[in-house]
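Structures given as C-alpha cells follow.
Both complexes below contain chain A, partnered by chain B and then by chain C.
Let's look at the complex of A and B:
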C-alpha cells in the first residue's frame, strides 16, 4: 500500500515534469542537444587520445573499446543522476534559503523522497540513450576482435545494471548529503559544489591512481568517499571479466554493495539531522 | 480535551550579526558575533474544536513562528504543544494528513502547470479516494468561483485567483485543523471579501478549527470570535475582539455638538481635543472620569448633542503594540545583549 503510494506519486512527478518540459519545447530540445554535444565532445577527446596510444597504462586492460565501455557507463550513471536528482538537489538549498521547504515538511510522505524526486529532467535522459549506443558498439567491437574476444553473458548484463544503480545511489547520497549542509551553513552557502570536484575522480579507471600520489587518492576515493567504485565496478564487470586479479575484482564488487548501503544510510542520517535544524525563512 | 494545546512554547534563534564593510566581513570569517532572537517566549494557549481564532500582532511578533511550530515545520527551543493529540514537530504522517497550512506569501502549486495537476499530486500524497477527490475539488472550486481556471497554468493566474487555488489545494484532504498565515495579503477588497465569505461558510459548515494570522482587521472582525494578541513573542491578550478595547483603552471619545453661538474655548480642561471644527468638537476623556466630565461640560456649555464612543479598534491595537514595544525596549536595555525579533512597529491596517 505504502509502496504503491510512493510509486504513484513518483509517476505523477514524472508526468508533471514531462508536461512542464513539453510546455517549453524549444528549451527542452536545446537542452537535449547541449547535453548530447557535451557528451560527443568528451567522446571525441578520448578518441583523440587513443590515436596516440593503444591503451591507458601498460597491461591495465583498458584499451580503446574497454575504455569506451567505461565511458558509456559514466554516461549512464551521470544521465540517471542528472535526470532524477540533480535539478532537485540543486533546488534543495534554494528551498532552504527561501523557506520553500515548509511545504515538503507538511506533506504526509517522506520528505527526502519528495525533495529528491519532485522534478524530473527528461532532457538529460538523452545521454542515457547515447551511452547505450556507445556501449553496444564497443561491446560488439570487443566481441569480434580476433585476439581474446569478449563473451557477454546475461548474468554479466544483470550485474552490470545492478552495479550501475548502486553507482547512481552512491552519487545521489553524496549529493544530498553535501546539499543538506546548507541548513547549517545558512544563506547561499553549501558544500554541494564539492560534489562536482569529488565526482570528477570517478570518471577514470582506478588503475590510473597509482604511485606516490595516486595510491592515497585511490584509497580515499574508494573507502572514505567511495566514488571510485561508482563507474569502475560495473564497467569492469563487462569490460574486464577475465582479468587475472579477479579476486580483487570480487572483493571490490562486494565492497561496492557495502559502500552503497553505507552511503544511503549515511546521507539519510545527515538529511534527517539537517531537517531538525531547519529554521524556515521569514514569512 | 482541547484540540490545540500550547504550554510554555518558545523558540529562539541565533543570528549571525553581520557588520558593515569589507574589513568587518573578513573579520567575521574568524570571529563571529551572534545575537539571540526570541521569536516566541513561552506561549500558553488552548483552542477548542470548532473555534476560529485570530492571531494579531505587529510584524515580527511571533505569529508566523507559532503557526510554523504548530505545523511541525520547525522545532521549538522549549515548551510543549499538542494538536489533536500529536506533537507537531514529530511530523507523524497521521498528524500531517489531518491539518493544512496556507501561507499568503508562499505558494506550493507548480508554477508552470495548471492547478489541477498539483491537485492530482495532492490526491496521491494524501491518498484521497478518486470520487471523494473529485467531489471535494468541485465543491471547493465552485464555492470560490475558480472552476473554469483549473486548466490555466498557475503563473498566468492573478494573485487572488492563485490564493483561491492555494486554499483549494490545502483543503482537498478535508483537514480538521487549518492554519492560515495572512491568507488575504496583497489582495483587493473584492477578493478579500470573497475569501472571507468562503472561510466563514466553510468553517461553520464543517466545524473545523482554524487559526488565522492577518493584518486586516476586517478579516478578523468578520471571522473570529476570539482574538489572541501576540507581541514580542508573548500573549498580551486573549479574548473577544471588543474586549480588547475594554482591557487596553483607558478612554472614550466624546463628540459634542454645540449650540450655534457657543464657543468651545476652555474645553481642553476636560480632555485631549482630537478635533475642533465649530460647532463640533471631539475629545478623549478618561474612562473613569467620564460621567463626571460629561456632567461638568453639560453644566458649562450649551450642548445640543453628545455622542460617546469607544476609540477605533485599530487605534487601540496600534497603541497596544507600541506600548509593548516600548516596555520590552526598556527590558532589553536592562538585560543588554538579548534583543527581540523585527523591531518594526507597523500595526494593523
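Let's look at the complex of A and C:
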C-alpha cells in the first residue's frame, strides 16, 4: 500500500511540474528546441567523423549505424536522468546551503524520494523521442544491410530497456552520492563539475580505452566508478549481439546488474550518513 | 592622460586581487577542463587505428592531439564566461547607471576587468597547462618546418592571433550582451551563440575535416578565430600568403566588433530608461 502512496505523490509532482512548464509555454518550446539543436550538433559531428572512417577502433564492429545505436542509447539515458533527477540533485546542495532541506526533512515521506523527484523537467524528454527516432532508423539500416544483417528479437529489446534503466540508476546514484557530500563540504561546485566530466567517459564505446593508459582507465571506470557500463551494456545488446567474445559480454552484463544494485545501495548509505551530519543553516 | 592611466591601473589591480581569491578552486577547475580531452585522445586513436593511420584531412594522429591541446590555449584567450549575460543583467537591473554617472567608460571598464581576469587566470592556469603540455610533449615532436615550434615567424603569428582572439571574443560577446538594451531577456539567444561557438569555432574538431560547401561557410564567419585559427597557425596549416591575409581578416573582424559594440552602446543609451537599482 505504501508503494501506491509513493506513486501518487510522484504523479502529483509530475503533474505540478507539467502545469508549471505549460504556464511558460514559449519557454518550454524554446528549451525543447535548444536541447534538440544540441543533439543535432552532436549527431552532425559523428556523421562527419564517419565520412572519414568506416569504424571507431580496428575490428571493434562500431560502424556508423552501430555507433548511432550507441548514441541513441546515450540520449535515452541522459534525457531520462535530466528529466527526472538533474534539476533536483542540482538544487540539493543549494537546499543544504540555505537550510531549505528542513522542509523536506519535516515531510512524512522518505527524504531521498522527495529530494530526487520533486521537480520533473519535461522539456528534457524531447531528446528521448529524438533518440527513439535515431534508434529506429539505425536499427532499420542495420537489419537491411546485405552482409550480416541484424535480427532484433523481443528478448533483446526487453533486455535493452532493462539495462538502459540500470544505466539511469547508476548515473543517478553517482549524482545523489556526490551531491550528498556537500553536507560535509559546504560548497561543491567543482565536485558537481567533476560528475559532468566523469560521465564524459561513458559517451564512447569502451573498446577505445586500450593500451598502457587506456586499460587502467577502462578498469577504473568499469569497476570503481561504473560509468562505462551505463551505455555500453545496453547498446551492445542491440547493436552487437553476434560479437565473437560474447562470453565477455555476458559477464559484463552480469556485472552491470551487480554494479546497479551496489551503486543504489551505496548512494543510499552515503545519503543517510550525510543527513545525520546535517546542521540546519539559518532559515 | 596620466590620470587616466592611473584609473586604468587601479581598475586592473582591484580586479586582479578580486580574482586571485579563489586560486585553489581555479587551478583544480583548469585541470578538470582537460579531462574531456583524454576521451578525445582515445577516440581519435581508435579512429586512426581503424583507418590504417593515414593522415586525416591533412592531420596526423599526433597533430590531432596537438590541435585539441592548442584549442584549449586559444579558448583560454577567447572565451568570456558570463560577459554577455552580465551586461544584459546590468542593463535590466539598472546597474549600468553607475557607469553613466561616473567618468568611467563602461566597455573600457569591462575590457580592463576581463583583461585582469585573464592575467589572473593565466598566472594560476599556467601550472596545469604546463603540466599537461609537458606530459603530452611527444605529440609536438614531428611537426612540419612551418610549425611554431620551428619557425619564429609562425610563432609570432600565433601570438598575434591569440591576442586578437581575446579582443575579438570580448567585443563579440559584448555586442551580444548589448542587445539587452532592445530585448530584456537574451538567454535563449546566448544559448544559440554558445551552440554555434561550440561546433563552429573548431573546438570539437579541426575545421579542415569539413566537406565543401560547409568549409567555405565556416571560413567566412568570425567564430573560427576563437579556437580553430590560432591552433591551425601553430601547427603550420596556414601557409605564407594565406597567413598574412587571414591575420588581416581577423584584425578587420576585431575592428568591426569594436565599432559595432560602441555603436550599439551609443544607440542603446538613447533607449535606456534606467529601471530598478
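One rule holds in what follows: the second predicted complex is superposed on the first by the 278 of 283 C-alpha atoms of A that agree within 3 Å, B and C clash if a C-alpha of one lies under 4 Å from a C-alpha of the other, contacts with A are read in each partner's own complex, and residues count from 1 in each chain.
Convention: contacts are C-beta pairs under 8 Å (C-beta built on N, C-alpha and C of every residue); 3 or more make two chains touch, one makes a residue touch a chain.
Keep in mind the model is a prediction, meaning the values are calculated, not measured.
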Is this a clash or a fit when chain B and chain C both end up on chain A? fit
Which of chain B and chain C A:109 touches, first, second, both or neither: first
By the touch definition at the top of the document, which applies to A:278: first (chain B), second (chain C), both, or neither? first
Is A:5 contacted by the first partner chain B, the second partner chain C, both or neither? first
Which of the two partners, first being chain B and second being chain C, lies in contact with A:23: first, second, both, or neither? first
Please work out whether A:100 is in contact with chain B alone, chain C alone, both, or neither, and reply first, second, both or neither. first
Could you tell me the angle at the CA centre of chain A between the CA centres of chain B and chain C, given to the nearest 10 degrees? 90
Just to be sure I read the superposition right, which of the two partners does A:13 touch: chain B = first, chain C = second, or both, or neither? first
Closest approach of chain C to chain B (Cα atoms, Å): 5
Spell out the residues on chain A that touch chain B in their complex, using ranges where they run on. 5, 8-9, 12-13, 16, 19-20, 23-24, 98-103, 105-109, 111, 186, 276, 278-280, 282-283
Chain A partner, complex, touching residues on chain C are 25, 28-29, 32, 35-36, 38-39, 42-43, 45-47, 49-51, 56-57, 188, 191-192, 195, 198-199, 204-205, 209-211
Touching residues (chain side chain B, partner chain A) in the complex: 13, 16, 64, 68, 71-75, 91, 93-94, 96-97, 100-101, 103, 105-106, 108, 110, 112-113, 117-118, 120-121, 124-127, 153, 181-182
Tell me, which parts of chain A touch chain C in their complex? 30, 34, 37-38, 41, 44-45, 48-49, 51-58, 60, 189-190, 193-194, 197-198, 200-201, 203-204, 207-211, 214, 217
